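Which chain is which? They are A, B and C, in the order written, and residues in each are numbered from 1.
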Amino acid sequence: MGRYVVRRLLQAIPVLLGTTFLIFALVYALPGDPIQALAGDRAVDPIFRATMREMFHLDDPLIVQYGYYVQGIFTGDFGMTFRGVPVSTIFEGKFQVTLNLALMALVIEAIVGVGLGLIAALRRGKAADTAILAFTLLLVSVPTLVSGFVLQLVLGVQLKTSTGIDFFPVAGTSEGWRSYLLPGLVLAGTSIAYLTRLTRTSLMETLRADYVRTAIAKGMPRRRVLGRHALRNSLIPLVTYLGADLGALMSGAVITETIFNLNGIGRQLFDSVYLSENSVVVGIVTVLVLIFIAANLIVDLLYAVLDPRIRYE
Amino acid sequence: MSDTLTEQKPVKPPKQKRPASLWSDALYDLRRSKVFIIAAVLIAILVVMSIIPGLFSPVNAFDSSTCDLTIARQGVSSAHWFGTDNLGCDTYSRVIYGARISIMVGVFSTLATTLIGGLLGLLAGFYGRWTDTVLSRLAEVFFAVPSTLGALLILAVVGRDNAGIWTVVLALSVLAWPMVLRIMRAAVMSSKSQDYVVAARALGAGPGRIMQRHILPNAVAPVIVVATMNMGVFIAAEAALSFLGVGIQSPDISWGLMIADARNRFLQAPEALLFPALFLSITVLAFVMLGDAVRDAFDPKLR
Amino acid sequence: MRVLKGAQIIAGTAVLALAVAACGGGDEATDPATGGAGAAAAPVTVEIAEPQHELVPGNTAETSGAEVLNALFIGLVNYDADKKPINQIAESITSEDQTTWTIKLKDGYKFHDGTAVDAQSFVDSWNYTANGANAYEANYFMGSITGYAEMNPADPDGDGPQAAPAATATSLSGLKVVDPLTFTVQLTNPFSGFPTMLGYTAFYPMPKAAFGPDGKVTAAYGESPIGNGPFKMAKPWKRGVETTISMVRNDEYTEAKAKVEAIDFKIYTDLNTAYRDLQAGNLDIMDQLPAEVIASAKAELGDRYIEQPSSGIGYLGFPTKVGADYAKSAELRKAISMAIDRKTITEQVFSGTRVPADDFISPVVAGYRQGACGEACTYDPVKAKELWDSNGGPASGAIELGYNADGGHKEWIEAVANNLRTNLGATVEPKPVEKFATILDDLGADKWKGLFRMAWIMDYPSPENYLKPIFAASASSNYSGFNNKEFEELLKKADSAPTVEEGIASYQAADDILLKELPYIPVYFYQTNAAYSANVKSVKIDPFERIEIANVEKA
């Protein structure tokens, strides 16, 4: 087990290098001079441009630039933005906001998704199942921006102005965990749909398994059958999905963060792409990859817990 | 909730005189499945709609002279069944004409990711050890790339001068196949240790045969579920990319593009968003139903 | 050269921003930001986008940064309701020849740190901004002052291999301090409109404390600028990290004190979000509203909705020298212009937040003539088609319409595309690019062949600002390649008139040349659409679209 973890962590290094290089190369290949982007719409002073290009090694080949970057990372230095702000300063507070948001979304999707999936599986073919199917399709096809708008308007503005209940803040993070309720729900949307479908399928499979039939035949209380045998054995694909989703939620939060005016990395990521700020983009991606690797490792370890037949030597 | 647990499928009467092949059994089941028939009809209609949109809409949505800005954002009327959009174009004809790109993006991205991810996931899960290590790490390199960011970058770099369906399919698929791999791998890993696989192996079945006959049919269910959901997500993701200025652009028409265009004015003119979203939902529904039916037909445990 | 990108309008723009302290504005004083004042009153909250740079006058050339600095600083002049400059810190601004200007200051103005606002503080600030090596956004504002060229040598071959020559000066030779309250400004060319320039952000003074031992403006100053205006910083603002810029009233202010004790500028990335915060009572003032909410804002807010002309103009531009055939022909440009239904576009796409443009000079400045554009800006599909066909339009290839996808321009560009397709029978390809700079890069490299969207917001209220910086052959923002001798002559004549008023006829004559040649097509004039909550009153917007912050009162 311990050796397995060490091995996985060692294997994470090529993944980290591979992903960051991929992103680094893509940002490198973006059309447009980043120094010009820095200046916005006016012409750049040529001396300034030359100094900046020299300072940020912009005239070196891709691989050399990447080398400088990795060198910095290993000494704990995420580099500077073109405007001379250390990237670590840009991160300040933002990862916390996005992590809070993603965790809230994860909790919401786990509760709602598994709950709905459970009902759908148990009521297979009945009205509840169909209604849940329709609901999940709605979640997939209505864009985040619209669900965000509507929730913000109904729960943030109208609830407050008509009843005086000020429970859901329209925007910002000043109200602690309550600030994350609406954005978390919006962000979780598509994932709820996936998780509901996965839970339904997975649970239906297990409910047909011999040991569940046996347990029922033995006269074991149904609740116990469901909790002990069926649900636990259906969890593998769900946990897989949830583990992989954390990273996706964090990086995909740009629209949610914008609607709810949250100062997170999702938005930072896109702003930096527009400015070709390779150091910031790759810096954020590096941290996201680390989170992703950690989440996947935990998921793989959970496999062994959930299913004793899976062993890691 | 508890009584359903006891509700078991009635044992089917033994079928007679058919070769006991899994595939022919499945086909036989499918033909008799109501869900399958509904799904197949819906998909057939959508496919025809993609190929010959003129059959469904008298108005050619690509003809901009049919748009009249003075009647922008109108509701449902006899002249405009689904209302008009922000530019005064007929939403009904645009929904019909938008089917082609949306369905193509959805279908081809799903096919690409399911085939690549499914195959590699099967190999990784079945062989384990270094095969698993290499494939899983390779998948992680792509999986770890934030998907919208990655697609935006790929399209900005590759697709600036050749934007279109195929670059969008590429951008979406490159980043999405690892998810299928992981799901497949997990399913294979858990069915690998099932008794019947151990038994087959003990009886001397080769790896190819075990994978094809025993593991794949049992592991394919979660993959089909994810693939059919992916379909809708790909169609919707295409919208997000259009909105960021990469991917499908007008004068091409796609549901994603229509939803993206209508979303800011959703409160003023909900029709322009709801109808393409409805068609998107129906399309996904059709594929989800198809997936369910196919899975049931292939599931040996249901026999 | 303020080219409008519309950057605030939409999600995913290059504007960074942060979370907001969204407390129940107006009901309670929970915000620690007001701690400095120790007052019980909650601050008045104002919506802005994140300023693009640290808060230094010379490095601020966009509206949000200017809005913030406007509360911290006052300039040499202010403007009356007719946009005419009236002296504020200046005692007098005079010139015999429109070239050498003598500026005398009133005594008694002080910075927040107690030091006097003297001639040196203006000269230091302007010199620093003019220095190309500092790469300040407002650098170009100093371009008309003698000595600018020595500080900003031109690269002989653009981006080519030759290095630009080194700068030969670090201060403007045209600026001379005569005594503590007097300095002179030598311009390279006569310009009667010079005093109208001086109220803008770029010309604010900076105290000695702004500069570090190395002569550079310090980082600390950028986070907590010391100004001379009605408000001062309550605490430093860390750009990119903090989402609220907090200020308290400057009680030592020389002029009439501000009416409220504290102001919080709250940073939003999405105007729709800000508007919903305003509806919910969490935000007090917005100086611009998104088009989607105009109808409901008019109905819900009544008197608290403000609509007035703004200085912005939206154009479609042509690369007239290197572009496609339709971009090179004045007749085809006119045909395109006449095929655009400006009225319906401004009504339906912009919900009345824009009005059809009919001149190159904005209605907010003297010199604007209603309907000056005449036939060329009047929607006439039949004539447009005739003109298009008779000048070889159909053979000139597909019309490309370039725009930046991050600025909310898609709808109107698509509407124009439909107009052109229907009315001219042409193939039209809207071409979104990820960001505006990409279009400008391509234009600079002569690679852009089709139309491109463009907008301009004035730097100072003078007709000259709508002509020279965009269409003069040597202007840095001349993206059309327009180069017309007569136009240059007329501008020169107008600039050297004894007063702006006397130059107007010549500016208008220059304007007429543009209207005939149409290097750009004027499409719409911007409107200011502002709104405020029931918590405040006396909210007015000045010609620069800045809130007259010192006069805002609590309701």
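As a working rule, a residue touches a chain if its C-beta (ideal position, glycine included) is under 8 Å from a C-beta of that chain, and two chains touch if they have at least 3 such contacts.
Computed from a predicted structure; not experimentally measured.
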item: Nearest-to-centre chain - CA centroid comparison; value: A
item: Far-end chain from chain C, centres as C-alpha averages; value: B
item: Contact-richer chain pair (by C-beta pairs counted) among A-B and B-C; value: A-B
item: Separation of chain A from chain C, taking each centre as the mean of its C-alpha atoms, in whole Å; value: 38
item: Between chain A and chain B, centroid-to-centroid distance (C-alpha), Å; value: 21
item: Chain centre separation in whole Å, for chain C relative to chain B (CA means); value: 47
item: For chain C, residues that touch 2 or more chains besides their own; value: 12, 272, 406, 434
item: Residues of chain A engaged with two or more neighbouring chains; value: 31, 145, 149, 153, 254-255, 270
item: Shared-contact residues (touching 2 or more other chains) in chain B; value: 156, 160, 264, 267
item: Residue numbers on chain C that touch chain B, as the complex places them; value: 12, 272, 290, 292, 295, 341, 344-345, 348-349, 404-406, 410-411, 414-415, 417-418, 421-422, 428-430, 432-434
item: Residue ranges of chain A touching chain C (in the complex, touch as defined); value: 31-33, 36-37, 39-48, 50, 83, 85, 89-90, 92-93, 97, 145, 149, 152-153, 156-157, 160-161, 166, 169-175, 179, 254-255, 258-264, 267-268, 270-271, 274-275
item: Interfacial residue positions of chain B with respect to chain C in the complex; value: 64-65, 67, 69-70, 72-73, 86-89, 156, 160, 243-246, 249-251, 261, 264-265, 267-268
item: Residues of chain A defined as touching chain B within the complex; value: 11, 14-15, 18-19, 22-23, 26-27, 29-31, 119, 122-124, 133-134, 137-138, 140-143, 145-146, 149-150, 153, 190, 193-194, 197-198, 201-202, 205, 207-209, 212-213, 216, 222-223, 225-226, 236-237, 240-241, 244, 247-248, 250-252, 254-255, 269-270, 273, 281, 285, 288-289, 292-293, 296, 303, 307, 309-310
item: Parts of chain B lying in touch with chain A, wherever the complex brings them together; value: 1-2, 4-6, 8, 133, 137-138, 140-150, 152-154, 156-157, 160, 179, 182-183, 186-187, 189-190, 193, 221-222, 225-226, 228-229, 232-233, 235-236, 239-240, 259-260, 263-264, 266-267, 273, 277-278, 280-281, 284-285, 288, 295, 299, 301-302
